[in-house]
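Encoded as structure tokens, here's the structure I'll be asking about.
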Amino acid sequence: MVRAVKLSAGSDLRETSRSQVVAVIRAAGQIARIDIAQATGVSPATVTAITAELIRAGLVEEVSPDSSQAAGRGRPRVALRVRGPAHILAGIKVSSATISTILIDFDGTTLSEHESPLPEARMSPEALTRQIVDTLREAAAETGREIGDLSGLGVGISGVVDVPEGLVHWSPSLDRRNVALRDQLEVALPMPVFLDNDANSVAKAEQLFGEGRGVRDFLVVTIEHGVGMGIVIDGQVYRGTRGCGAEFGHIKVHLDGALCRCGQRGCLEAYVADYALLREAAVTHPGLRGSTPEERLDALFGAARSGERTALSILERASRMFAMGLANLVNIFDPGLIIVSGERMSHDFLYSDEVIAMMKTQVLQVDAPPPEVRIHKWGDMMWAKGAAAYAMEGVTELAVRRLNDA
Amino acid sequence: MVRAVKLSAGSDLRETSRSQVVAVIRAAGQIARIDIAQATGVSPATVTAITAELIRAGLVEEVSPDSSQAAGRGRPRVALRVRGPAHILAGIKVSSATISTILIDFDGTTLSEHESPLPEARMSPEALTRQIVDTLREAAAETGREIGDLSGLGVGISGVVDVPEGLVHWSPSLDRRNVALRDQLEVALPMPVFLDNDANSVAKAEQLFGEGRGVRDFLVVTIEHGVGMGIVIDGQVYRGTRGCGAEFGHIKVHLDGALCRCGQRGCLEAYVADYALLREAAVTHPGLRGSTPEERLDALFGAARSGERTALSILERASRMFAMGLANLVNIFDPGLIIVSGERMSHDFLYSDEVIAMMKTQVLQVDAPPPEVRIHKWGDMMWAKGAAAYAMEGVTELAVRRLNDA
Amino acid sequence: MVRAVKLSAGSDLRETSRSQVVAVIRAAGQIARIDIAQATGVSPATVTAITAELIRAGLVEEVSPDSSQAAGRGRPRVALRVRGPAHILAGIKVSSATISTILIDFDGTTLSEHESPLPEARMSPEALTRQIVDTLREAAAETGREIGDLSGLGVGISGVVDVPEGLVHWSPSLDRRNVALRDQLEVALPMPVFLDNDANSVAKAEQLFGEGRGVRDFLVVTIEHGVGMGIVIDGQVYRGTRGCGAEFGHIKVHLDGALCRCGQRGCLEAYVADYALLREAAVTHPGLRGSTPEERLDALFGAARSGERTALSILERASRMFAMGLANLVNIFDPGLIIVSGERMSHDFLYSDEVIAMMKTQVLQVDAPPPEVRIHKWGDMMWAKGAAAYAMEGVTELAVRRLNDA
Amino acid sequence: MVRAVKLSAGSDLRETSRSQVVAVIRAAGQIARIDIAQATGVSPATVTAITAELIRAGLVEEVSPDSSQAAGRGRPRVALRVRGPAHILAGIKVSSATISTILIDFDGTTLSEHESPLPEARMSPEALTRQIVDTLREAAAETGREIGDLSGLGVGISGVVDVPEGLVHWSPSLDRRNVALRDQLEVALPMPVFLDNDANSVAKAEQLFGEGRGVRDFLVVTIEHGVGMGIVIDGQVYRGTRGCGAEFGHIKVHLDGALCRCGQRGCLEAYVADYALLREAAVTHPGLRGSTPEERLDALFGAARSGERTALSILERASRMFAMGLANLVNIFDPGLIIVSGERMSHDFLYSDEVIAMMKTQVLQVDAPPPEVRIHKWGDMMWAKGAAAYAMEGVTELAVRRLNDA
């Protein structure tokens, strides 16, 4: 299909071809040159030229042919793979109480994981920058490295992020709006920084390492303190014009409905997020045990599982609303796959088969199966890995551009 | 940004470059080679080679330099433009009561417009095919041409269309589900047929000829008998996996809400579409004048304009729901632009400044202006022109591929 | 319990006692003087004096003691009963297409039933008066009587009736507001006329002849073209200050909800009345068979019974709303009994055990059984009988007052 | 109008007449015998006999004629009035944090007011009984009296009270359900106890001392921690069959709506009560100042008054819901008057002219003015006074019955 719109400034076709070649090699793990040509549509001759450049630059390496596999099929084909040691990338996920850090190498292998507590949920940009630098130093030290050994850092943060500008319009982790956080981090660190909304980090992690591998159009939905979404269209994370898109938690599902943390009414989040469930439970279950929201949620889910009626009412309405929200996504995106992603036991209710079934009754009915919904439970470290993956892509692009300049 | 996903089979980089060059020339009207290189990122040498091919194939032509403009700036640069007579394309919009047909040439100039009545709103695929063939013959004859002179036909139809398969899952114009309408038309006509959902046709028309020119990400929203949407992301019409996406009219805005034509509850359409307004009016305004829905709607809007309270109540609630629906689109897509597109006087209420203002209070608030909303009033002929534009793109791609094969 | 408020002018204690004595006799069928004293709290001596007056006036008569029953228990007690031939009363129910008339005697025995068609649903007060006079004449003639033989006429009419003033604020049967219909009828007829809202007529019928006998506080709910209610508190039909109370159909169950015939939003009626069901069906079942609303409703209920999904959706939401409405009545009135009264097959859904069960989950939960709900199917003739009963009470009061004056 | 239902056992007409005479004297303040006869419909001779009895019993006394007023109009008429010292009555309102006590004499004059703190909001029946006895002893002592000097105690308590049985089905003040609280108090105190729901106490206070004097049918609505209602129909407080009526706070205004303290969904209370407002504010105004709910409410109202947008949103939605609830009451009761009664500054929003105006648009529209709504601000002491008034009525009835027995 034709693209009628100018590519991003500074790119050219050669650079695009190189990036595609690296991406295809990374996605495949190991792949022969002829299969790269097939997969990218780049001519075999150009593939040969590009891979020579990449090998020279140390980004890619040849793999000795697997003799057993090749037996009897003529000359074994030499495969290529990404060269792991080429770069070390860090990924950080900033949560309300912790910073999770991961180090990966250039082929995505995890080198180390690290978690440090955060003194407070909302910080000044300067304090957050210090926290990130400190935690990165510790994480590097754990593997016998220094910050200077890292080629890039990806950071995932809740809130509204203008990715091209590296600007955080708003984040629950920051005590101020419109923070040029990427630039601040790049001043403090000797490496390029790739800043994104944390739900986009999850989408990136799913795309490169998880359920989204090889799926052209998919959505990632997360429910934790809030409701988030990452959109992958045509193989790319879609971020909207101002970085405010994908606000699944803030689509309105009721005129003049429940009050949301954002100050508006009827947002999906105001019915299904942690705070929404606890807000209801606070009225009917004043004695709910737990000093933290997590503990009280545990108690609420426990009560529901034991059949307590009002606890069930709380989770059932949330489930119905969530099903309706998912149906809205299907009706808008008709994606190939929806990945519901998160860490919590809330899955038992909100991510249940009943919810998926309810959702399916609310999507446009055609004689083709509705999109698959996969539940993928994981923790903060996978958010961090997504941030690292984002850095890996960015560093790849920079490396490829450098080749070009050479 | 890197693409991690395989391009569509059969395309290659050269072909992509050619298509980009044509698209850039078409978008620009007239453009010099050096500016094409700048705009596409293709090297000047390659641009020169490609444009030579395109000129030889008769798709593009040189324009004599405008001496007045060029005076005193050295050698006047030769510009290129698309060669209008290269191809004639037809576009058809199938409505409930009429078929609108437009003929355009290869640079998008309208050659003729034609409208024929449809005997009934729902037809068999065979009857609809006959109607389309007949109307196309008439439209061609009016300009002294024959069907054989046309290079391609674009058809926009309401309903759910699987574009790659050319399959109509469901349409109010067809008395049957899952119709391979594209193939049926290609059997009956000596030209390639490009079939799409009609809202996508409008999106295509806006992108090539209307408010969407040069905008990377935008949405087109239409309210008529139903509520439709076209999504343009990264310069491409987004159609979803099964062709069921962009169902703006069927996003749920109320749990257990008003009953929609689709049999489900709470769809936006069930609050704002023509039938939803008339359904309410039927109860409170049994004497509403008019033998057709259009006339009764006219009477309802008239009553509201004259201040009649219940008529106002009908339109005001619809307006609030529509504002909420638009806000949902912004919260999901954060588009650069929303084009509200249609023909009707309902604009006075549903597309009013008040609605846009309401919408703005319901989007995520950041320190960047919300997307612009442009109201674009037009008629069925523009839907047809969008279908023709879609054919123009398809024919271009085929022509470019043929160059390749040569 | 003490009454702190002045009784209605013109009544006195003696008159009240007489009325109570007649009411107790009528309710009992047959009753001995000593049991009347017991039941009313009036002293035996006063009961003896009052019953002597009533017998002299021909309103009451002695019944020969039933010797078998009395055997061996000393002197058989003489019982009293209301004297049937004392008065003949007519009751009329004005519907949209018919006038139903009943004649009863003074002990409530039905003498004849009569139904005449109405030329149009909305009439001038003069036309309606003529229709009533004509139909009354026919009904009397059928039993060999004349209008002059009737002692009183009760009329039940849809709409808002100010009973003390005999004023119809508004009625679907009248083409004008604020009609002094009682006075107009009394000018045309040689008898006192007792005009009431038709739901109150049903309440009166239930109280005197139906499920409400001997129940101090009960509600009657009707669903037909609209949703009506009669309230009996402390043995009296409660009519509100302006005759606008008991508007069960117009309690709001949704902010900015569905549009009601009354022009307001969210009324219960807009979810459960005939027109509300058909309004939804019109969109999803355009082919619903039936030239009249009744036939189309039949078809809708039939479709639902056969399991058709959207038809079920229509009736299920109506059922949930109706259950919620009933629960509201219980939460406000805590009545001893709710009688759901009507003629239609809609009972199968709206008046089902499931609805009653749903209702019970929505009332305040105490350790005492929720009010019983009885379904009482009947037709227009019982509405007419209620109107006649209302006339019977009124004529009794007039007769008792005349005793007083004597 | 005729009463078809047996009066309460043990009453008789003479007793009823005596009670009416006392009630009329009390309502009038001072009134001549002939006017009593006029007001009650009891014959002058009987009035003379009854008042002689009442004077002998010390319940009523003659008032010397006011000579100035009577001048020149023949013999001045002797008026009667209730004899204040005849009885001392106590009224108690049990709140969550305090017990308010009032002592009044037999003509309703306040003798003293007393407030004691409660150690906890929920108590065992035994603990509450002890608290009541202690506080009553203190209150009596403050006026130099002992508990034995009191003729009766009225108690108003939140929750569901079966008045005839003296049973508290449920109360937020008690840690157990189905408590025979009246009997328990009568065992502990040497006087009859009259137990009622606190909203009924307010209704009684309004009827005897407040805005409800001389109004036959009126409603009292209260909004504090919850939403309560007292219903006065035909001059009597209406309590329902099981004491569960008048639950204005628990009428459902939304299917599957907000969760109420009662565990059900969509109750009016869940939108307008204190806890509902604070529940919303907790999410958007986590920093709302105040250690008590009252202080946080103050802060919320302050924020709204200063124009803070989300605070306004909280109060505006509550106001709309409250207006809808009031409209429902009008549509059901068509009362002569609604008294909105309470203590709090919330009046500024929930009880505003805008709310009343909104309510009026949602009631059935007839050509007669909608019921007047009066705002009556007062504190816990008036609730206590209502309880005392209820005791006053009960003691009067007992005194009158004793006359009878004599």
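In this document, chain identifiers A, B, C and D correspond to the written order of the chains, with residue numbering beginning at 1 in each.
Please note the rule applied: contacts are C-beta pairs under 8 Å (C-beta built on N, C-alpha and C of every residue); 3 or more make two chains touch, one makes a residue touch a chain.
Here the structure is a predicted model, which means the values were calculated and not measured.
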{"item": "Subunit B to subunit C, fewest steps along touching chains", "value": "1"}
{"item": "Centroid-based (C-alpha) most distant chain relative to subunit D", "value": "B"}
{"item": "Gap in Å, rounded to a whole number, between the CA centres of subunit D and subunit A", "value": "61"}
{"item": "Rounded Å distance between subunit C and subunit D, as computed from the means of their C-alpha atoms", "value": "32"}
{"item": "Cα-centroid distance, subunit B relative to subunit D, in whole angstrom", "value": "67"}
{"item": "Residues of subunit A engaged with two or more neighbouring chains", "value": "255-256, 263, 320"}
{"item": "Subunit C - residues contacting subunit B, complex", "value": "256, 258-261, 263, 265, 270, 275, 279-280, 282-284, 309-310, 313-314, 317, 320"}
{"item": "Residue ranges of subunit A in contact with subunit C within the complex", "value": "255-256"}
{"item": "List of subunit A residues in touch with subunit B within their complex", "value": "1-8, 10-13, 16-17, 19-20, 22-24, 26-27, 39-43, 46, 160, 162, 169-170, 177-178, 207-208, 214, 216-217, 233-236, 238-248, 250-255, 262-264, 266, 320-321, 324, 327-328, 330-336, 361-368, 371, 393, 396-397"}
